[in-house]
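Scrolling down, you'll hit the structures one after another.
First chain A sits with chain B, and in the next complex the same chain sits with chain C.
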Partner chain A sequence: MTRQPMIDEWYPVGLVSKLSTTGQDTMLMGQPVHVALGNGGEPLVTAQSRRFPVISRFGHVWTSLGEPKKDLFAIPEAYQPGRRFVDVGVVRVRCSPLRAVENFLDIAHFPFVHTDILGAEPHTEVQRYEVEIREREDEVWATKIHFYQPQAAKSAEGGITTEYMYRVPAPTCSILYKTCPPRPGEWDVITLFVQPLGEELCDVWPWMALFDDTTPMVDLIHFQQLIFLQDRSILENQMPRLLPLDPAMEIPTRADMTSVAYRRWLKRHNYTYGAQLVAQ
Partner chain B sequence: MDLATLAWKIEGMFPNALCQWVPVALSVDVPAATVSPGWLPGLELALWRSAAGHIAASSNRCPHRGMRLSHGFVRGENLSCIYHGWSFGPDGGCVRIPAHPDMTPPATINSQNKAVLEAGGIVWVCDSNPKSPPPDFHGLVPVRSLTIEASLAALEAAARAVADGKGLLAATIDGVRIHMALAPLAGPQLLAHVLVAADSTCEDRIAASRAAEAFRRMAEAMSPESAAA
Partner chain C sequence: MKLYDYVLSPSCYKIRLLAALVGVELTLRPVDFHPGGEHRGPELLALNPAGAIPILEDDDVLLTESSAMLVYIASRAAPEWLGDGSAREGARIQQWLSFSHRLTATLGSARLHEMLLRPGDIRGLQSAGKQALRELEAALTEQRLSDVEFLVCDHPTIADIACFPYVALAPDGGISLEPYPSIRLWQRAIRALQHFIEMPGIHRLHELRPAPVRPEQGA
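For the complex of A and B:
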């Protein structure tokens, strides 16, 4: 068996704000791990005698079962002054971690799954947008996405056309940059960090860095949790559970250009943990 | 015992050597403008009825991104997927892709509809080209369907009988006679469509429904899976 390159990637395993000395048991790619606060106040990720590398960033504790070849990606925009960080918490989903990311990259479902919040009929059209695999950064980017939204964010009043950009810097992580209603010209940052528990089970950790001084934190969290619970009802009912990388298995259209690029990028890197290579 | 009876004795459920059709639901359980899940062996279905009353059985996997179509919705004469709203007509052809409202969907996009027919209040579906019609349960009418978590062997033991030449398993529970057409479900479950004599009164049907529930409890208690649990 060849080594799965996803082993060498960084994954979220918990919130920094929720760390304790007793710690928490969790799972990463089938490996049970323990996440706790060390004596010196540093996060520790361990399994029996093994100790895994750790990074604290974006409100989360990150670790890797392998030997990471590079640092965890950066999100420079997130650290502009004036942003509020929102630890949304965790949503467990019975689906492939890759399916969870692909759903996050998709806007065509807004009118049907997030009805009257992120989309509404008859505003279903997905205009042409741009997608590329940026070779230097080795990331998937989708830009110039415009979509009509009845309530784009907790801070949005009434319908607006929102502009989106998506970025995939790691196989189970995506960052969404989205028009920020109270601050034209700036982008809200909404991320999806997925912890692969197994190939068909994941913990999804959304995190946000917003320009929004007014909405109470609890409302921001509830808004985002509602969205992800709606997504979960989809993700747990896709067949097969694994993400099919065989192009004959599912039919994309122009609206799915981001998903097509994401699948191509996964295949190119052999990031196939949670994927199905041949149609069954 | 003639050959046909022997075949039933071996099979006991639909589909089988004599009948490729599977009784997937009662007609009354798929009202107009609704969709619900159904099963063929190894294949999930979305059973749906158009607003005008046309019945259809699609593969439950949307050809776009694999969403279960049984979670979708019926509008007019079409079934729509809940994920991105792709709509499929009674023949399975995709008629609308909301992300591209001006595009005519390619004819190759299809929800893989199966052969379906309704007879005697039962919806029958067939995965292949059926050679003959489903059996005629003459003199009987369906009352209800129920899911039983037991093997066919446990059902036959509980009924102290095997299925007859038409594929019906009969049982008498506390003096109430019921007939069941059995079909496989996902996992260790069976779907039993309960039938009674066509001249049964309303009270008879209620009694038959209760008898079927009692029968389910007996069969589930006899099943090795439940004994182990």
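For the complex of A and C:
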């Protein structure tokens, strides 16, 4: 068997703010791991005698089972002064980690799944936008996405046309930049960090870095949990459970151009943990 | 009335749902249940030492049991939701209110385990939850044989509201509702009520979708 390159990637395994010395048992790609706070206040990710590399970033503890070839991706915008960081908290989903990311990238589902919040009928059309695999960064980017939203954010008052950009810097992580109602010209940062427990089971850790000085933290958390729980019931019912990577099965429409690019990028890197290669 | 509330809590949704159906206005006080665990912090423990939500405050009334809140709201605003006042209907409503706590303890705990990583014996919770669903299915089938859509009488009561949320969200805990046709029809009847509100995982009724065939009419 060839080595799965996803082994060398970084994955979220917990919230930095929730670390404890007793720690927490969890799983990463089938490998049981323990996440705890060390004596010096540093996060420890271990399994019996093994100790895994650790990064604390974007509110989460990140680790890797293999030998990461590069640092965890950066989100420079997240460090602009004045942003509030929102630890939304973990939600477990019985689906492929790749499907969780793919669903996050798909704008076309907004009016049907997040009715009257992120989308509404009859505004179901997704206008043409741009998708590319940026070779230098080795990331998938979708830009110039415009969409009508009844309540784009907790801070939005009434419907607005929102602009979106999506970015996939790692196989199970995606970052969404969207128009920021209280601060025109800046982008709100909304992420989906997915911890693959197994090929058909994942823990999803949404996180946000927002310009919003007025909404109470608990309301920001609940807004995002509400949205994500609407996705969860869809994700748990998708068939097949694994993400098909067979190009013959793809029907490229304008709405899922990002999904096509994402699948192509996964395939190119052989990122197939949670994927299905042959049509079944 | 002030409700200490969490968007993803089926117990809190019971209160929001009844209030919406009977037109009572609630002031919501969101509680950081997850990931914050605010319901176990000093401020909320002082109100409910059991460390649970919902909590309802209205002047000098403080309630920490959802069933009591349903009784309170219905008594204040919509007494028809308490049955016809007969011994029979009153007692049957109480029977279902008590039963609803079994749903919380089984289906609700399975859901917290599967969704928010709460520790628990998931197989045991799921099988106890299915047992409760079978009992509910039997009772609802019985009702339908006398052409009654709801649990206690021919209109909805707080018994239906107490049982509906955890049942509707059973799939979140890995329990399919496929085997329970009477439960599915009963859920449709509730979702079709005027002023019904949603929560994640429980959708409004889309009128275009045809009603499922009643099983006894098939084949």
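Just so it is clear, the second predicted complex is superposed on the first by the 275 of 280 C-alpha atoms of A that agree within 3 Å, B and C clash if a C-alpha of one lies under 4 Å from a C-alpha of the other, contacts with A are read in each partner's own complex, and residues count from 1 in each chain.
As a convention for this text, a contact is a pair of C-beta atoms (placed from the backbone, for glycine too) under 8 Å apart; a residue touches a chain by one contact, two chains touch by 3 or more.
Remember, predicted model here, so these are calculated numbers, not experimental data.
Peer 1: Give one of first, second, both or neither to describe whether A:216 is in contact with chain B, with chain C, with both, or with none.
Peer 2: After superposition on chain A, A:216 lies in contact with chain C alone.
Peer 1: Taking the superposition as given, does A:240 touch the first partner, chain B, the second, chain C, both, or neither?
Peer 2: first
Peer 1: In the overlaid three-chain picture, which partner chain does A:91 touch, first (chain B) or second (chain C), both, or neither?
Peer 2: second
Peer 1: In the overlaid three-chain picture, which partner chain does A:232 touch, first (chain B) or second (chain C), both, or neither?
Peer 2: A:232: touches chain C, not chain B.
Peer 1: Return first, second, both or neither, reflecting whether A:203 touches chain B, chain C, both chains, or no partner chain.
Peer 2: The second partner, chain C, only.
Peer 1: Determine where on chain A the residues touched by chain B overlap those touched by chain C, and list them.
Peer 2: Touching chain B in the first complex and chain C in the second, residues 233 of chain A appear in both lists.
Peer 1: Residues of chain A touching chain B in their complex?
Peer 2: Residues in contact with chain B: 106, 108-109, 111-113, 121-122, 124-126, 233-234, 237-240, 244, 249-255, 259.
Peer 1: Within the complex, which stretch of chain C touches chain A?
Peer 2: It comes out as residues 6-8, 30-32, 34-36, 38, 114-117, 171-172, 174, 200-201.
Peer 1: Under the definition above, what is the set of chain B residues touching chain A in their complex?
Peer 2: For chain B paired with chain A, touching residues are 44, 60-61, 63-68, 71, 81-85, 97-101, 103, 109.
Peer 1: Considering only the defined contacts, which chain A positions touch chain C in the complex?
Peer 2: Interface residues on the chain A side: 15, 18, 87-92, 94, 203, 216-219, 221-222, 225-226, 229-230, 232-233, 236.
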